[in-house]
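Two complexes, one shared chain (subunit A), two partners (subunit B, subunit C).
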Partner chain A sequence: MANSYLTSESKKLATWYFTVAATLFGAQLLFGLVAAIQYVIPGFLFEILDFSVARMLHINALVVWMVFAMFGAVYWLLPDETGIETVGIEVGKLLFWIFTAAVTVVVLVYLFIQVGPADATSIWFIHEGREYIEAPRWADIGITVVALGFVANLFLTGMKGKRSGIVTVLMADMIAFAGLYLTGMFYTDNISVDQFWWWWVIHLWVEATWEVYVGSIAAYGLITMIGAHRQVVEMWLWIEVTMLFGSGILGLGHHYFWIGTPEYWWEIGALFSALEPLPLVAMFIHVLYDWGKMQGEESAKGLDRSVITNKPAFTWFVLNAFGNFLGAGIWGFFHTLPQVNLYTHGTQFTSAHGHLAFFGAYATILIGMMYIAVQGKNGIKVLNNSTSTIFATSMIVGGVVGMTVALTVAGYSDVIISRAQMGATWAGYFDAQATTWLTQGMVWRLIMGVVTFVGFFFLAKDLLTIGKSNIHVR
Partner chain B sequence: MAKKSVWSDNRFWQRTAAWITGFASVLLIWLTFDTNAQIAMGNDSDLKNGVTKRVPGPTVINYKITYEMDKKRQHEVPVIGEKEKFFGRDDYSEEEATELLHLGKLGSQSKNCMNCHTLLGNGAYYAPDLTKAWLDPAWGPTGSMQAMTGKSTKEEAMAEFLQNPSQYPTHARMMPNLGITAEEAKGLVAFLKHMSSIDTNGFPRNFGKMQGAVNGK
Partner chain C sequence: MVNEAFVAQDILVDDFLTIFVSSTLVLVFGGFYVGIYTAVKVKLLKTWTMPFAYLFWVLTGYCLYLMGSLMHVNELTAKALVVAAIGLLLLPHAVYYMQDRVHEENEH
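Take a look at the complex of A and B:
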């Protein structure tokens, strides 16, 4: 790969985005650890940094680091795909600083102000108290401006330069991604209406637009890392878009079983969300198939070497293919049917799914993109694994899988005792919390959380130093 | 050159993607209109005339709410019954009740309830689900919460608890003090009572009917 980093401002901006993303990933794990400790030792930081605050920081850092890394990945691949420098790159840089400053202020307010009185000023300046999109209204507006600026840069670059299939999909996808955020930006006294639109943002992000985004990034990765044929990769991409949007858009119905919305969502939600794993299987097969095919072509030439030009990134891309299918697909399907969801809705089971799905579907591929940036920035032909790469990958993956298993086990007693047996009352809830499965599950989750956190330090060290190592082909 | 198959043609799949996405989006938008009409909040005259709404009007706080098995639908539904005093009154006007609910809903967001509890099953799993909290036997005349807070009604016990949660520990895992004022607490209880009247298609099932069915006790 030619070292386009030196001449591309877009790629420079991408590395800024990745740096903030990786930092926020660390913050996500830190506050997740605080919340995990509170499950085991309830008095930990009580009335100092309560679970509600730690958890809000945990999930908001998650969403924001992913958005940062997503923007970064687009800025990284745009010059490669379009063949030109990104249009409006100076505005892009300015928006990056605005975004970073806004996120810093929001985090400090979460951390030090925490709660406000029951009036509109709290919603505007502290947080909105709506899971995942807690950002206060002023920040909502800021995020919208930043997102629109990003989308404008993407569109102007895509229209001016060569518009590949990957760029076309990204253009359509990112405008939907930005537009959907608007549906979560209003206040209503009607909690059913509130949650109805809240799911438009959350679900149509993570189970539709973000998945399509991942398909595009995977396509880009296959072309750059193993030299897969664009024609084949882009055909697969369109098939994936068909299946992802075909199942994911109406799959939204599985969030409308119990929030006051009509019964017909049972059937619509069940059918379409049951189809949601299909494209994830397809993506998994596609990645492995292309890998085998390209390696086979190499062997046919009598060359005994790997076709992979970036070992750490490709590992993360394969982990994405598998993790997306397992975490989002299987763990999601487990409880997507209404007859099951009646009992699993709002239990540790959901939490198990959430952990493996966000990690498997998004964290993996975005970490992979960070390694691609490290390779490009240092002008490396073949980026090999360092010892830290191996430690980082195995500890983070092992840790998250471990947390998922622990939460799933905890989820069984949560579901069976607090929901099925006891009918979801206050007493039933605490009876389930006291069971051995749940209490030990929470201990194991904490242990595995620590493993993940240690893995993060290996990852950070690796991203910062691997580019200078002499184990690569330059 | 042999004619290329349509199945390996990128344009074909691009068009398919566009049509399928368009079709799913149009269907979703159509269903959104239908659903939003069905979940629009009712009003006081609906309640007075016995018109069933999926989300009743705020003056539902003037009535007794129960959660009963519906033979036809085969699951439990909220039933709005006779008048019931709420903080000593059962004659809240539409404006008063709307104001209370508004305060409570704003409070539920600004106090970040959802990052420990679940509301309509959505949120965090660190504390009990609040969907039907108003109907929870723990707060009723036979439950422990009224005696613990020294109050003689459900709403007063809830309001007292919300203002001083760490004074009344129900578990090693306690609710922290969130600076909830007396007026905010009243609003929050109104919000909880209103939420319990929402038709959630039978979620949660068997609510509050199966006490003490764990570990053979």
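Take a look at the complex of A and C:
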């Protein structure tokens, strides 16, 4: 497609990143669907694409599409925030191709090789066996090079151009984002030590650097879409950064309860986990506050028009505020304290939380950024909702919420039977798996997964076609 | 040293649902508290609705207490929950104070 309205190379690169991200999002949903079918029909694709492989593809595609979209969003906003073209953009483009090629090879290896011998060959060329970040070592090194190149683009541009609060926060955040990946790259044969470092990548990424990233993107979106005052938005951003890092870094403790770490992590985990929902409440209120304030200013001028210049994107940003609060906040909080986590850890409760938190906190805002790119790419002043936007949004959101409810019901049965009544024994596990609540929960999860997958096709169609529609103000 | 609270005091099977519901309500009521407070401050709601915001905060505190008791949390965790409740009470006041100052600087 022609990038006729894009004069910035950085923004063009952003659209490439978004395209790959959307494709991988589809792959994530497809393999999730395969795994969901396998819960209901255990023999489905047996020895062709086993559950372990489908699940690996599902959760790794999740992380990778989000990283692609996150890089894309930064390349998109950099020219707007700094007032200059991204420094070293040609290197950025080269790194994009390296990243895309590496991910393609890794996915093909996961699909067709699947498992390797129990020696270093597997770690170097097939996968490392660490959930969420299973890329083999050669790809790990490649990802590190790409991440460092991306950070260099960001820093050099930030230092040369205007350095807004949003760019400053992103500069600090992305150096932590890239650096933390290194802690998931070395091998140790002690599972407790391995998990100890692995959680640095997973938790400190997701509950610290990714959340701060979301705060920055929300700030940019509010300025871009509703004309919120930069000074107000950036003040909120600093508050959120303080609260997120203040509670999020040591909130790491709630992953250290049962992996062989010292008992003091129970206390640390409990204390900081109890505080972790507070910034999520603040982020939720931030979006609604700015929206109400800007719409109020417009009404005070006697104007009846909406202040929103990109309705699909703004919908996804508001969904982000709600989703972050619900998925990460509520579904996280109700099993975060060690006293109850002892029973819920590793049950379908965790899965319910994982689905709603990743979707609510990250997928939503990244989809919103894709719509901002569609608007910019097509030179649209006010982007309105199309029929496909409404179908895509309601089916994806309805599907994910439905999956979460189904998994929560299944999880409750899992907790009561396999943990509380049967004491985490094998017999307890199998008894719980056979209960009506759990089996029906899995069927409903599959149905809602199909709804989400169909919604994705509407989303893909919408992203590809909405820019050409004549329902917008140009 | 093994903390006895973890190994000795099991959660009763009948208490799990109350624990999950009350911990959910902690954030739901907490959200109402902050939401109503903010809505009154940006004049979306009338000033007389403000006591309802504080009522929701009291309900948040009660749900935290209920959840903590049924979980048999130890002393330190109980203190952490109290700190979280007080943090939630103060949060919108502090944020709104700063927000107001920034708006004043912006608009005047």
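The rule is simple: the second predicted complex is superposed on the first by the 469 of 474 C-alpha atoms of A that agree within 3 Å, B and C clash if a C-alpha of one lies under 4 Å from a C-alpha of the other, contacts with A are read in each partner's own complex, and residues count from 1 in each chain.
The working rule: a contact is a pair of C-beta atoms (placed from the backbone, for glycine too) under 8 Å apart; a residue touches a chain by one contact, two chains touch by 3 or more.
Here the structure is a predicted model, which is why all the values come from computation and not from measurement.
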Touched partner set for A:Pro117, first subunit B, second subunit C, both or neither: first
Which superposed partner A:Trp258 touches (first subunit B, second subunit C, both, neither): first
Greater subunit A contact set [subunit C / subunit B]: B
Touched partner set for A:Leu342, first subunit B, second subunit C, both or neither: both
Touched partner set for A:Val167, first subunit B, second subunit C, both or neither: neither
First, second, both or neither for A:Ala427, with subunit B first and subunit C second: first
Touched partner set for A:Leu180, first subunit B, second subunit C, both or neither: neither
Subunit B versus subunit C as contact partner of A:Arg55, first or second or both or neither: first
Partner chain in contact with A:Met66 - subunit B first, subunit C second, else both or neither: neither
First, second, both or neither for A:Ala21, with subunit B first and subunit C second: neither
Common ground on subunit A, meaning residues reached by subunit C in one complex and by subunit B in the other: 231, 235, 239, 263, 266, 342-343, 420-421
Residue numbers on subunit A that touch subunit B, as the complex places them: 35, 38-39, 42-43, 46-47, 50-53, 55-56, 114-120, 122-123, 126-131, 134, 165, 168, 187-196, 231, 234-235, 238-239, 241-242, 245-246, 249-250, 252, 255-266, 268, 342-343, 345-348, 350-351, 414, 417, 419-431, 433
Residues on subunit C engaged by subunit A in the complex (per definition of touch): 1-3, 5-6, 10-11, 13, 16-17, 19-20, 23-24, 26-28, 30-31, 34-35, 38-39, 42-44, 71-73, 76-77, 80-81, 83-84, 87-88, 91-92, 95, 98-99, 102-103, 105-106
Complex contact set, residues of subunit B against subunit A: 8-10, 13-14, 16-17, 20-21, 24-25, 27-28, 31-32, 34-36, 38-41, 54-55, 58, 73, 98, 101-116, 118-129, 131-133, 136-139, 166, 170-174, 176-181, 184, 187-188, 191, 195, 198-211, 213-215
Contact footprint of subunit C on subunit A as seen in their complex: 229, 231-232, 235-236, 239, 263, 266-267, 270-271, 274-275, 277-278, 281-282, 284-285, 288-289, 292-293, 296, 325, 329-330, 333-335, 337-340, 342-343, 412, 415-416, 420-421
